Amino acid sequence: MSKRMIKFVLNGKPIELEVEPELLFVDLLRERLGLTGTKVGCGEGDCGACTVLVDGKNVNSCLMLAVKADGHDIVTVEGLGDYDKLHPLQEAFIAEGAVQCGFCTPGMLLSAKSLLDVNPHPKREEISRHISGNLCRCTGYTKIVNAIEKVACQGGGEDRE
Amino acid sequence: MQFNYHSPKSETELAALLNGMEDYCLLAGGTDVMVKMKEKLISPRNLVDVSGIESLKGIRETAGSLWIGPLVTHRELMDSPVMNKKTAALCLAASEVGSPQIRNAGTVGGNIGNASPAADTVPALLALDAKVQLNSANGSENLPLDKVFVGPGRTCLKSGQYIAGIHVSPVAAGEGAAFAKFGKRKALACSIVNGAAWVRVQGGVITAARIALGSVGPTPVRLYETEKWLVGRKPEPAVFAEAGLQAEQSVRPIDDVRCTATHRGKLARVTVQRCLEAATKQAMEVCVCE
Amino acid sequence: MKKRGIGMASMWYGIGNTGLPNPAGAYVDLLDDGTVLVLTGCADIGQGSTTALAQIAAEELGVKIGDVRVVSADTGVTPDAGASSASRQTYISGNAVRMAAQQAKSVIVEAAAEALGVGVADIVAADRMLTVRTQSDKSKDLVDCQAECQIALGLTPGTDAKSISIVDCIAKCRAKGKLSLGHGWFNPDTTGLDMETGQGRPYATYAYATQVVEVEVDTETGVVDVIQIVAAHDVGKAIHPQNVEGQIEGGCAIGLGYALMEEVQVKQGNVATANFTTYVLPTSLDVPPIQSIIVEDPAVTGPFGAKGVGEPALIPTAAAIANAVYNAVGVRITDLPITADKVLAKLQLQG
Amino acid sequence: MSDYKVIGHSVQKLDAVEKVLGVAKYAADIQFPGMIYGKTLRSKVAHGVLLSVDTGKAKALPGVVSVLTGDDIPGSNSSGIIIKDEPVLVKNGQKIRKIGDPIALVAAETEEIAEQALRLIEVKVDELPAVFDPVAAMKDDAPKIYEKGNVLAVRKIRRGDVEKAFAECAVIVEQDYQTQMAEHAYIEPEAGVAKLDGDIVTVWVCTQNPHYDAKEIARNLNIGLNRVRVIQATTGGGFGGKLDVSVQVHLGLLAVATRRPVKMIYSRHESIANSVKRHPFIMKLKSGSDANGKLLAFEASIIGDTGAYASYGPGTLTRSAVHVMGPYEVPNVKVDAYTVYTNNPQAGAMRGFGVPQVAFAHESQMDILAEKLGVSPLKIRLINALRPGSFTGTGTELKDSVGIVETLEAATAGAKKTMELNW
């Protein structure tokens, strides 16, 4: 029950802090670091609203102990873009009408990014498969897939910067 | 949730730590353990995170066998070129586990250790004759995978033991293997029934077979009787259908919120039939090629 | 074996509460710089009502969408708009916002009419300008063009005797001590239903829809796979076509879940499916391509002809899937959801 | 129509930027210094009388700030959109009508402490026989969930002479249908924060109807409606499930009792187990047409299980009764729709509000009828579709914007592009 020191990179910035072993990574983000873009929809890995990228891979932060972030590179929705410069996926989600209630959106964006970063030009079916761990109750996914496909057609993960 | 957290960095350290430790749970990807802890189904005093142990990772090809580190994630398994070449059915099974997020975190060793009757990799591993290496401070033993499961969520692992590796047989020329799964939906689905089959076809007859089913009883099962029955028979639709019927008659599934027992039986039949069909097709294709 | 089938289903849906008063109110404040504040009690739960109401205000006031800010669903500052339910907000709050905008506009239109020496009925608002209405749309466009040309040339628009900018108009009003504020409220024209006969006028208008679904049924397992959905919805007038499509697509997905997989199982009063592992929603792999078709048969009483689409979107889906399953394999499932075990059991009864 | 400048244009959604950036504030994202966390103790029995609630041990737990029971409610202890039959917190001597009925509230420094405190509250209940089947609940000898009986409402539609018309029909289709209980499953579970601002109770909450929430808070807290401010936080979906009160009143009670900001977030389990549901329906439909397929008569009975509390139940069944014949002109109509109490989870509004259930039935009827007559599904609908000038089952004349025929034609044309449709 003793605290542990962990070091990791969060949205490009190194972080070092002490955490209780039972602290969930999603709670570390939301409550201790104030990064509330990461959402909790089910707390059991069934909805994907809490998706973050760990070393580029999409994982459910609600099933991850904070101590397990140690040594990893982590990206949350706050690391994607800001008011001045939206990430192309964020732009496409807006333009294509992929955002309704928005609760699944951060997780959905990160799952999309994790796909395009390794597979810049996925087929529609591959996109659907890759976001299948992110539930959306509003959109029927159509416009979400459209938005991801749009970014993929525009150059995908290759030349975004 | 309250527990002592341990994160050994080597197997030696792990074995020493577990030796004599009471009330512990091993943590790998956490996709099952964390859910069980959150639902208060388990509340171990010690949580032993094995994910930092390098020797438990990776996939290695050795003479006549494939070694899968227990910490190999489902994602790594489904993406592995060597596994796709040698055990495509297992890769398919791994690709059907949960969701991309779950596959990125969840591990093969965890899937075994969690001992869910619905685990997707398990029937495929069983069909590939998987052996599990169990290590502890007191030594090492190899067990056929189906001897590991003793009940829903329960394995035969003794206190101090951990899964150190999984050996599977590659699918050779003249052999074939297949996996199939039925869920309530196409992703994020807990299997209603899953299954796998492996066959060897020589001279136009089946000379060896292994069939495994999940979600049809308290543990994943091998269908030894049907496997024996298949030997010497021609790989043809009537034989697959009869094997399916035997499967339906031999399994003892339950009703639950996902499916009725009766329908599970029918799905077991179709699963066996289709897996045998696909596996023999693969076996015979290879025969033709050579 | 896999067999394909096609099914159709239609629906109608009365907009607003059934035979009960269900008014909504709104305030519109046309501010000094020509920007607009809309206050509405309408709760946007993701469906996009805030955007639709802003569009209605912008259209009515002749300003740009970016000029409008909507403050919504705060009982400390916004008027009651009733529930975001019964597919009522575009129609009812839409009318309320439009009426509030009209009232605010009337103040500046009066000033413009006076400045331009015409009657208030001759003034139209568009592109941040108040312009003298001309005989035909074509000449009205010309006037609009003229104003835009003036802006492009760096001239002050509205110096032309035929138009005046909204900002200038507001300034004229302020100089006289007039605020350009409006409020509006709307209650659909309905009557209660007779207790014995149910006769009456429960709704002021109805939405309609037809969906056609193609399915594939595995005859050995009973598994139903939805291949594609075509959904045609009469929304009166689509205020925001993309959001209407979004409602249709999302509705179809919920309808598909309702048809095939979703079921709260209750055992002796206890919910046995109280998580997302056992209560399963369609994932991205379960929702097929959806062709949304917007049909516009404007409602006389709707804001710019609009009705509603939120709920209609999911209503026919399950029925269309059931009909498609019958078309595919001749099995009629009369109890939802259409699970594989029900389909297979009936198929096997057929022999 | 084409000269609209803004209407009909898919402008950028006003809330989209905040949502893609992850900065939109949903209720669970709101933080205040000194904030405490609320949890609800719920009934484990489906039907009974609450005998006692002992909160002593819970109150003594370090970190617990407040424990409230039904005796601590300053105003009315009931809520509900149509009928005020739902207890805010079941009081001693009052009835429990479903598993999940709220019995006590805890506010504590952390969620974990609040959860621990819930387990320390001792509840005694005199259990009563329960009824879970609406048909059984309608019988005279069924356990009475309410004194006045279990049938909450009956909605009748009568138009023309159904008996006479059926006698003249060439084809009659009679069929029973059933639909299941369904869950809204918005991805954001219920959440809210309450805070006192002087003597104003401000509540940020995910909701579909903040003004209704405010009225309930004012009634239950016994304060002026002008002292309640409900602000809708960015809301992660509703679909009808966030029309009823969830955390709103409980938050208000705890904020007033503790004078500290207080937050409540439902777990997914608590959300599914306790939120309202889509009504399961039991339906019997009878449709009759002439030899050409023109509907002459329609008769239906609908039983909707509204569970332990009314919520939107009577409204749902009324809407079902009005819509059950489908978008078709039928001169003779007889419908009886029953809203029935059981000890199940309460059913309320869910996207479609009783119409998806009846649409499943009336559209199955139309296809069965079409098959009997040997006409296509499209044709049977075109023959009967409502048109301007048609009268509905409630005797309403439709005057404008009756686009059903256009949707039939558009959907068929659309389908023909990608399906092998031979109608």
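Going in written order, the chains are labelled A, B, C and D, and every chain counts its residues from 1.
To be clear about the criterion, contacts are C-beta pairs under 8 Å (C-beta built on N, C-alpha and C of every residue); 3 or more make two chains touch, one makes a residue touch a chain.
This is a predicted model, so every value here is computed, not measured.
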Just by CA atoms, which chain is the most central one?
D
Between subunit A and subunit D, centroid-to-centroid distance (C-alpha), Å
32
Where the centres are mean C-alpha positions, what is the separation of subunit B from subunit C, in Å?
50
State, to the nearest whole Å, the distance from the C-alpha centre of subunit B to the C-alpha centre of subunit D.
43
Mind pulling the subunit C residues that touch 2 or more other chains?
45-46, 48, 242-243, 251, 254, 273, 275-277, 281, 283-285
For subunit B, residues that touch 2 or more chains besides their own:
99, 186-188
Mind pulling the residue numbers of subunit D that touch at least two other chains?
10, 12-13, 15, 185, 235-237, 239, 268
Touching pairs - complete list by chain label
A-B, A-C, A-D, B-C, C-D
Quick check on the complex: what are the subunit A residues that touch subunit C?
41-42, 44, 46-47, 96-97, 100-103, 127-129, 131-145
So in the complex, the part of subunit D that touches subunit C is made up of which residues?
1, 3-15, 46-47, 98-99, 130, 132, 155-159, 175-183, 185, 200, 202, 206-214, 228-232, 235-240, 242-243, 268-269, 272-273, 277-278, 315, 318-319, 321-323, 326-327, 335, 343-345, 349, 351-353, 355-356, 359-364, 366-368, 377-378, 381, 385-386, 393-396, 398-404, 406-408, 410-412, 414-415, 417-421
Residues of subunit D that touch subunit A when the two form their complex
10, 12-13, 15-26, 28-29, 31, 184-189, 234-237, 239, 265, 267-268
If we count contacts the way the header does, which residues on subunit A are in touch with subunit D in the complex?
30-31, 34-44, 46-47, 49, 76-78, 80-83, 86, 90, 93-95, 97, 99-106, 109, 135-138
Inside the complex, what are the residues of subunit C that reach subunit B?
220-223, 261, 265, 272-273, 276-278, 280, 282-286, 340-341, 344-345
